[in-house]
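The structure appears below as structure tokens.
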Amino acid sequence: MTATAPPRTAPALAVSGLSVELERGRDGAVPIVRDVSFTVERGRRMGLVGESGSGKTLTAMAVMGLLKRPLRVAGGSVRLGETELRGLRRRSLDRVRGGRIGMVYQDPMQSLNPLHKVGDQIAESLRLHTSLDRRAVRERVVELLDDVGIHDAAAKARAYPHELSGGMRQRAMIAMGLAGDPEVLLCDEPTTALDVTTQRRIVELLVRISQERGVAMVMITHDLGVAAGFCDDVAVMYAGRIVEQAPVRDLYARPAHPYTEALLSAACDLTLPLDRPIPTIPGQPPLPGLLAGGCSFHPRCPYAQEACAQERPTLDGSDRRRVACHFALASVEQTEASDV
Amino acid sequence: MLVATSVIVFAVLRALPGDPVLTRLGTTQGVSQETIDRLREQFGLDHSVLSQYGDWVSGIFHGDFGTSYFSQYSVTSLIGQRIGVTLELTIVSVALATVIAVPVAVVAALKPHGAIDRVVSALCSLGMAFPPFVAAILLLIVFSVQLGWLPARGWVPLSQSVGQNLQHIILPAVALSAVASPLIIRYLRSELVEALASPFVRTAEGKGVSRAQVVLRHALRNATLPALTSVGLIFGYTLGGAVLVEYVFGLPGLGSLAVESALRRDYAVLQSVVLLLCAGFILTTLVVDLAARALDPRLRTVRDA
Amino acid sequence: MPEPTTPEVPAAGGAPAGAATTVAASFAGDDAAAAAAVAARGARRRRLPRPTMLGFATTVLGVIVLLVLAAPLFAADPDAQDPINAFAGSSFAHPFGTDDLGRDLFARVLDGGRLTLLIAGGAVLVAFLLGTLWGFVAASRRGIVDELLMRSADALMAIPQILFALVCISAFGASPLNLALVVGVLLAPTTARMARSAALQEMSRDYYAAAIAYGARQRRLLVRELLPNTTGQLAVQAAINAASAIILEASLSFVGLGIQPPDASWGTLLKEGYAFLYQRYEYAVFPALAILLTIWMLNVVADQLGGRPKRGRA
């Protein structure tokens, strides 16, 4: 639908050095997301994983240019294909958002306008980003809803959000994200509020869409199981930074960052005997503005040494695999060959 | 609700001193007890309080509000003569207030706590300090006494001359809306600020909807619903204010009728006027409630959200 | 009023996440809960100018009350007539000019303020006593008592206050005491509603349950536990009530149903001024300004003290 397809060389989405901060009046600003960089190629799926408050959602909002006061982007670059999104004026940005880049928001009940019919909300996107006429728009809405697995799509298009089930709302949300035929789709916890079977269907749907249409996807989730079933690569965020990034198999098989390891062992493993306590990560995730010096994780880290409190480790490694830890648990240089 | 209100109004008026017959005659001198009794009988004042109430209520259901104690007119005809003025004044005032308030609220809500918002908020605070009749007097001083642009008192019905009717209604309407619009602005602004910060507005922006469209199609529509519920309150406020504003400008409406009858202890008229205005207020609240229900798809389909 | 400025950060886990600003909280979902806590801390500092607004309004109100009370000490005799100087303009001797009988308007406005404020004060007191009792009893009894009490409050509130006042005053007669009583009773239902919701809020707290468990009796619960903990909201309501009372008194006196000459209040001054609009409009302007300023400041106090509950109709 876009006039010129992006050249092969440019990744669909390249985020580099992205930082978000919270304005605090005259006192300056508190950094919330710091120096986040990642790239996603066409047709690939990348997971952004971390605890609540680690900055996953804010990163996605920053990519979309949707942050509102008191939050703001403090620096970095967001490239969509060849287009730099940072610094675009509202009007130019509006041509891109919902068109070349779409987003599926968490909590569809809140994120869909309760007073507009589901079909109309999808149609709004189509009217803005395609040149279809009224009838064609109506047909395309039904088609989109049908594509995301909604039965009786024509009737559901006339329904209001509250009249749909949770899974249906989520599907409608995805249909809305796809309406502009995007190159990149950001999915923010698209499965969180759903039961397990529905979760699975939604994940499968998203995988199918990315494969069929070559859409680059970023999936934000705190659920490692969902990430494992969905992603090609996973970036783990802690306290506003990416602490480890790796192809999904490597990450799960040999986590390099102690935080990743802790997350994996805290993930409920059903094979564990029931009488054993579920492992947890001791301590609380830190508040922004109250970050320990050195590595942000060191107060909770079982392997922490003196250096960890002194000096913040940098995110080092290859393009395939990076980790920010002085005492990484696995080498990031030599990786097992994983799929493409 | 209306029944309770009618009982209260009636009870307060009857249980109390101040004989309407004596007030009407002005003096007891030279009037025989016989005459007084005859008048009492004529108005049904010799019956028990309870049966007086019964007569009044059953009369209302037949469209008969009784007879004025003061003049010989029937209350129904008195009200009939005057209800149009109050109706016109209230509707024009609320409409004017809305027309002023909506754009102001939108502009203020676009940048919460910004410069415009603060000025608007300060002006609202000042506007709300005006009792409508004080605003009316000040307007009268400026536009009628000082500038002589508009007539000070009196009334020309709409049916006689639209232009003159407008001249007579503009000051009273401005006085009432000067107080009503700050109320609307406050409600609408806070609802708008909330709506603009809501996830569904963010979704719309993420779709590439322009700023103006976001405000008009998404935020304003969603903010109007909760703000609608305050319309009843604003109506009541306007109706209450209209009573004295009519008096200030000498408009022959229900409000000035209520004041006149109160001064004359003409309870027959007063109780009916009060009841009618209360009924108007309750009815408005009800209609607004139903309207909000009809406009909100969530309330249309499910009983309880 | 000024909250202590917390040092850099509250202890982890003890973050005031409940105070999160809506913008940040609704914006990024639970991801920003922590960020919102930080925002709340920032917002607290930005709110600093507000207490000064409150201070300003209270000071102005204090000055008004003081001027009104101390008027006999410095102002001219409000009743001294001087027909030759009728409708005089502002001068050093008569800052507001004189009225139709040559009386000093400045002194008359201050003098009228005494009755107006007295009636307003009395009405606030009546509304407070009646409304608090009404609301607290409704809240603590619940069930059918609550239902009855609140339904009757609703019925009363459905009558525009000014109309109800007309009815009552034309029935009871218009002494200052009657005015205070009637206006106070008129304001009671709104006060009762507010007192009830404030009480219900407090009753859900742990300390209240503790007091019950402790075996405290009903009256003690109301007076010793509920009353002190709802003073904030009651004070807001009192400020609103005072404003409404001033409006009602002025309205009634303006149409001739309130204070009767030779007594004077801001309402009667307005009435007299209104009669002489074409001779000397300042006559009406000064009492009007006195009313405006007082109500404005009362509204500011109510606004600043807390979220403004729905204002009663006047």
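Think of it as A, B and C in the order they're written, each chain with its own count starting at 1.
One rule holds for everything that comes next: contacts are C-beta pairs under 8 Å (C-beta built on N, C-alpha and C of every residue); 3 or more make two chains touch, one makes a residue touch a chain.
Everything quoted here is computed from the prediction, not taken from an experiment.
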Chain whose average C-alpha position is farthest from chain C's own: A
B-C or A-B, whichever has more C-beta pairs in contact: B-C
Centroid spacing, where centroids are CA-atom means, of chain A and chain B in whole angstrom: 54
Between chain C and chain B, distance of the C-alpha-averaged centres to the nearest whole Å: 22
Overlap residues in chain B, where contacts from two or more other chains coincide: 197-199, 202
Sequence positions of chain A contacting 2 or more other chains: 61, 68, 107, 110
Multi-partner residues of chain C (each touching 2 or more other chains): 23, 26-27
Sites on chain C touched by chain B in the complex: 22-23, 26-27, 151-152, 154-156, 158-164, 166-173, 243, 247, 250-251, 254-257, 270, 273-274, 277-278, 281, 284-285, 288, 291-293, 295-296, 299-300, 303, 310-311, 313-314
Complex contacts: residues of chain A adjacent to chain B: 61, 64, 66, 68, 90-91, 93-99, 102-103, 105, 107, 110-116, 121, 124-125, 128-129, 160, 162-163, 176, 179-180
Touching residues (chain side chain B, partner chain C) in the complex: 1-2, 4-5, 8-9, 12-13, 15-18, 125-126, 128-131, 133-134, 137-138, 140-141, 145-146, 152, 183, 194, 197-199, 202, 230, 233, 236-237, 239-241, 243-244, 247-248, 258-259, 262-263, 265, 270-271, 273-274, 277-278, 281-282
Residues of chain B defined as touching chain A within the complex: 197-200, 202-211, 217-218, 221-222, 225, 296-298, 301-302, 305
